[in-house]
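For clarity, chains are labelled A, B, C and D in written order, and residue numbers in each chain start from 1.
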Amino acid sequence: MDIETYSLILSALLFAIGTAGVLLRRNAIIMFMCIELMLNAVNLTLVVFSRSLGIEAQVFVFFVMAVAAAEAAVGLAIIIAIFRHYELVDVDRFNLLKW
Amino acid sequence: MVNLLESVLRVVQHAESGYHPVLPGLILLLPLAGFVINGLGAFLWRDSKRIPGIVGPAAIIGAFGIVVANFLAMRGAFPHDPAVVSLWTWMAVGDLSIGVDLQFDQLSILMMLIVTGVSSVIHVYSIGYMREDPGYSRYFSYLNLFVFFMLILVMGANFPIVFVGWEGVGLCSYLLIGFWYENREFASAGKKAFIVNRIGDFGFLVAMFLIFTHFGTLDFVEVFAAAPETLVYAGGVVTLITLLLFLGATGKSAQIPLYVWLPDAMAGPTPVSALIHAATMVTAGVYLVARSGVLFAMAPVSQAVVAAIGAGTALFAATIATQQYDIKKVLAYSTVSQLGYMFLAVGIGAFTAGVFHLMTHAFFKALLFLGSGAVIHAMHHALHQVHRDDDPNDMRNHGGLKNMMPITWATMWIGTVAIAGIFPFAGFFSKDEIIWYTGTYGYVVLWVVSLLAAVLTAAYMTRLMVLTFHGENRTGADAKPHLKEVPAVMWVPLAILAVLSVVGGWIQIPEALPGLPAVDALHHWLEPVMEPARHVMTEHGFHKAYEAPLGGGEATWAIISTVVALIVVILTFRALVHRRYSPAAESEAPTGFAGILYNKWYVDELYDRVIIRPLLALWRGCWRIVDAGLIDGTLDAMASGTRMVGWVGSLLQSGRVAGYMFWFVTGVVIILALLLL
Amino acid sequence: MIVDFFFVLFAVMAVGGAAAMVLARNPVASLLYLVMSFFALSGIFILLDAHFIAAVNVIVYAGAILVLFLFVIMLLNLGPSKRPDLRGTMYRMLGIAAAGAVFGLLLITLRDGHTTSMAGGMGQATMDAMLQSRGAVGVIAEPMFRSYLVPFEITSLLLLVAIVGAIVLARRRAP
Amino acid sequence: MDNFFESHWVLSLLIILPLAGSVACLAAREELARHVAFGTSVIAFLISLPLFWTFRSGTAAIQNYVSVPWIEAWGIGYTVGIDGISLLMVLLTTFVTPLAILGSYTYIQRNQRAYYAMLLLLLAAMIGVFVALDLFLFFLFWEIMLIPMYFIIGVWGGKRRIYAAVKFFLFTAIGSLLMLVAILVMVYLYYRQFGIITFAYNDLVQLPIARDLQFVLFAAFALAFAIKVPLFPVHTWLPDAHVEAPTAGSVILAGVLLKMGTYGFLRFALPFFSHAATSPAVIGTVMVLSLIGIIYGAWVAAVQPDAKKLVAYTSIAHLGFVMMGLFALTTQGIQGGILQMVNHGISTGALFLLIGMVYERRHTRMIEDFGGIAKVMPVFAASFLLVALSSIGLPGTNGFIGEFLILIGTFQKYPVVAFIAATGVIFAAAYMLPMVQRMLYGEIDREENRALSDITLRERVVLAPALIMIVLIGVYPQPFLSRTAASVDALIDQVELRAVAAPVVAGASDLRFDRMPILGADE
């Protein structure tokens, strides 16, 4: 097996760890960080495939980062807004997403 | 196909029959024009009495004139085949082709004569009778429309056109029964007549379908010509066709079991009862059977049914008539009974005898109805003068009217004697012929029944005369001075009909009667029309016995029957004339057997319990249980079910991010698994 | 050989950092573990000849975005949580099972042996030649400013919207 | 303008004109909208009227045919044309709509612009349905029609209007979705067989479909049309929709919309799936359902306290007759059915107009709230009586011709069915006459009714054309019958031919949707 395959296994592992983190932690910020980890795991996949399928894949890494940045900005803003109100970042304590 | 304009303006050349119909279109157009003018008048010149009073009768008398001209033309040519005038194509679809065709043959001319003749008289009578009614114009428009449809009925050259007239007269009957529509009961009676008639019309319709299926045409000429070859004698098809046609006839001609509408139909103005519910429309069933004589002749089972129902109705209705107090109800049941005689005649195959009785009955029953109308008219005026609202129809409020209304009294006695079948009045000849044929064709039971009914007829008619005209006056002292004879415009028609009720029978005098010239005018006249049916019957072994069941010749029985009738009249008269009756308001309803007869054997109640109420309950059930309950219930359940599923689904939406995350990941895993495994 | 060594090193660091991030109690510690994991990832990017991405990952991701997280943690003054931040046993089992399932399923994609190796692709030589001729930035700039120019520009719009949104959301409302 | 009415574009004009009028209504001043709408609909009627004479009745060929490619990649075209059947339907539509609009002049008080715009949009869609000869186009118009009707009921309707509108919408939409699926399947099958993607009617009608598959597709089409007709037991939306809809809505609903169901059977379901449609199972089912409609509709109508609901149930009975005639597949049956569609449109439309007129005066539709109004409203009473008689099917009115032909046509093939259906003539009298009697006759027992004014000149103008047509068709139906004759004969021939020619079993790959070129990779 070559480095690409190992990289993909690594990517899958990181993605799974990120998933586990999102599911296990209550702290909203840490959940966010786990999502960032998952995004980066995907970036790794893209980079691996850029080697075989074309350099354009790396452009998508760039876009993923832009989206991650935007998401982090908005998400953190929401966390701040909620924190101001409840003094909490524990997602289990908000249930505002219910109609 | 004849140019429409030509049919209205000229004599139509008809090469095949040698007889040329005179202005055939105009016969129909005149009553129709009368309807249109008077109908518009009902809205435009509502208060005018003159225009409808002229237009209405004039249209009918004009039509009568043309019919007479046609009669004379036909008498000259005496064609063997009918002359058919096609006006336009009504429906031509595939192999079905129905034209607006008029048939001129001996039977239709005779019927047209009766219809327009009696109508003319009654229209004139109506000028006086309806003078004070606010719906004068409307009345004449309906009446003209009725004549129009009645003429279509008797002139139609195919079943559908006859059906147009058939339903059209039903419509006019409906409108005229409910003429005083502000009275809910009267309007109800009209509705009842229409619906009961529709049951009969259903039979007519299906009969037409059967005929078309087997003959491929609905034209009289072709159907009757092809019938002996196309259908099997006494086969199921021809029996079914004729029974269905007869179902139609029972509806229109008020026979058991569909007679119930006719007594109620007396709610209409009395001239209407005379014209529609005695002289013309109700005889349409008889006409239909006579017209389809070939078919009936081929179906002995149907013939027996027709004859049995006819005789049964004759007796049944006569029993009810003996205990009625409403003068018009007596006449109504009498009409049902006499119609029974006609069906008995056509049922046993004596088609000409049936038509003969149809004709004489039109004269004397119209006379009797108009006479009763005169009585009611006088009573109504007298009661109106003293502001009492007693029932002017109830004979218990009459009595002794012969002094006040001598002309009415005299003419009505003529009618009574005629219907009782006493020599030499019209009814004697026609009824005698029917009873005689019944006996000689071997229908012993029906023969006895018809004799019994004849006795009852004499009795109830005498009772009517006694109650109304003889004895003491029971109208009340205050109203009595206001009772007076009706004006000339009303009694002249009575006189005309009285004359016809006497001489009307003389066109057909049996040769067996001693000392009289034998006249066979009607048989001779109708021979071309009835010949095929007679031919079928003789071919299959129907022969007169020339002897009544108990022995004796035609002359013997004619004498016996007239003597018996005379005796019944005299006995009834003597029995009743001294009896004291109290006015309607003070009398009690009869009890015992008389009560059953008075309540018409409770047939209306029976129908109400057994048919109408269960049906209505069923219909309500359909609506409430099936429609609202079952179907909408199922739908609502489905809607609620959807809502339930939504509610259960909404439980997943806990608002907790962790839950959402978990489901999300689960979904991803499932999708991945599906894609990869 | 040396590549393998570094790969193992970086992979262990990345996985270890990620796991430590999930398990750490203190959010600041979590964050720093994540930064470590990202640095290790950048190393792997370099091993995969994605020099520009590696740089951007360090500068933008680890350097800017994660620092933003740090700011927020500081701002909210989140210390080590007093009660266990991890969920209960039930959820823990489910979560690990789900993550395991994801991992397993992702591994299955490799089973088919898709042409991830350079052999089936452009080849190491082509890659080297490209890097040689256009430089690490040039190889990305070429598609980004030609084929993907419009998406690239739209990205700026996305960021603008995010900025506005963040300001609106996080703004202290007037009492 | 020489041969304009024989030209190709007259039908398109008939669709575009109401659309333009619809926009004009929205743009017009509130109080002018109704005049714009009425004017537009009258012009549409005047444009369509000459078609009756320019139509060549000896041939079954499609006339005024236009076909323009529209979405070429999917073989969708703007294809319109008329034969004798659609000619009468188009004329019925353009005839009824102006009456409905004029009938709402005073009834509609709020949002007039939107209301009249909706009516005109509806007019365009209805004409579109009847002239479309491309299944995509047909489906488009079919669905467009739903929207204005939904709003007409839901916005300008009575008390339970939302319930009725939603019920109407859901019923119809469910049916038409299944039809859409069936249309797509047909297009796919055609592609499999001939390698061309097409929605054109003339192409699809040639498509041989395996016998077992025909039943499935027929069921999908039939459900959509049966709901529209409506056949028992999917009829319950109709009484609610009729009762709640404003007068014009009821008139158009009864007058035209219901005919789309029967028209659909005639135009699509029968020729497409001839084998299924002529199989004993299907004929038997349709006959039984039609009979239930005739008898049951009449029964339920007879006990309705609400005049409008009563008339709604009579529609079920009348349309039952139509369905029976169509599926008898005899010349008389189908021609009678088509004529009965026209008759029902005129008569029932007029009945709804009449009930709307008294409703405007008394704000009640309950029969028992009236009584004796013949005295104060004689012209109304006379009109009502004539229309009621037409509904009963009295000879001399249009109703008789249709029922007679249907029954005689059915009787030749299915005597027992026709026999039972003929009892409907009895029940017809049993539901209509009591209503006539209770509303018009008797004494005026309610003070409010004493001051009722007879119908106005405008209302007379609304009713007069309908009354004239009732008598005209009753006395001289031949011009109407002769225009449909050739088309009907051709249809029957086609159905009989295709019923025999249908392949017995499906090809192995006939129903693999993943091979659908639109959905997956072309092989």
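Methods note: contacts are C-beta pairs under 8 Å (C-beta built on N, C-alpha and C of every residue); 3 or more make two chains touch, one makes a residue touch a chain.
Keep in mind the model is a prediction, meaning the values are calculated, not measured.
If each chain is reduced to the average of its C-alpha atoms, the one that sits nearest the average of all protein C-alpha atoms is D.
Computed from the mean C-alpha positions, the centre of subunit C lies at a distance of 64 Å from the centre of subunit D. Each chain gets one centre point, the mean of its Cα atoms, and the points for subunit B and subunit C are 100 Å apart. Chain centres here are Cα averages; for subunit A and subunit C they lie 7 Å apart. Subunit A and subunit D, compared by their mean Cα positions, are separated by 59 Å. Among the residues of subunit C, those in touch with two or more other chains are 87, 91, 94-95, 98-99, 102, 106, 109. Residues of subunit A in contact with two or more other chains: 19, 23, 26. Residues of subunit B found to touch two or more other chains are 658, 662, 665.
In this structure, the chains touch in the following pairs: A-B, A-C, B-C, B-D. Considering their complex, residues 167, 233, 235-236, 239, 296, 299-300, 302-304, 330-332, 335-336, 371-372, 374-375, 378-379, 382, 389, 394-396, 400-401, 404-405, 407-409, 411-412, 415, 418-419, 422-423, 425-426, 428-430, 433-434, 436-437, 440-444, 475-478, 481-482, 485, 489 of subunit D touch subunit B. Within the complex formed with subunit B, the subunit C residues making contact are 87, 91, 94-95, 98-99, 101-102, 105-106, 108-109.
Interface residues of subunit C facing subunit A in the complex, by the touch rule stated above, are 3-4, 7, 11, 14-15, 18-19, 21-22, 27, 30-31, 34, 37-38, 41, 44-45, 47-50, 52-53, 56-57, 60-61, 64-66, 68-69, 72-73, 75-76, 78, 81, 85-87, 91-92, 94-96, 98-100, 102-103, 106-107, 109-110, 115-118, 120-122, 127, 130, 139-140, 142-144, 147-148, 151-152, 155, 158-159, 161-163, 165-170, 172. Residues 650, 653-658, 660-662, 665 of subunit B are the ones touching subunit A in the complex. If you check the complex, the residues on subunit A that touch subunit C are 2-21, 23-27, 29-30, 32-34, 36-37, 40, 43-44, 47-56, 58-59, 61-63, 65-74, 76-81, 83-84, 89.
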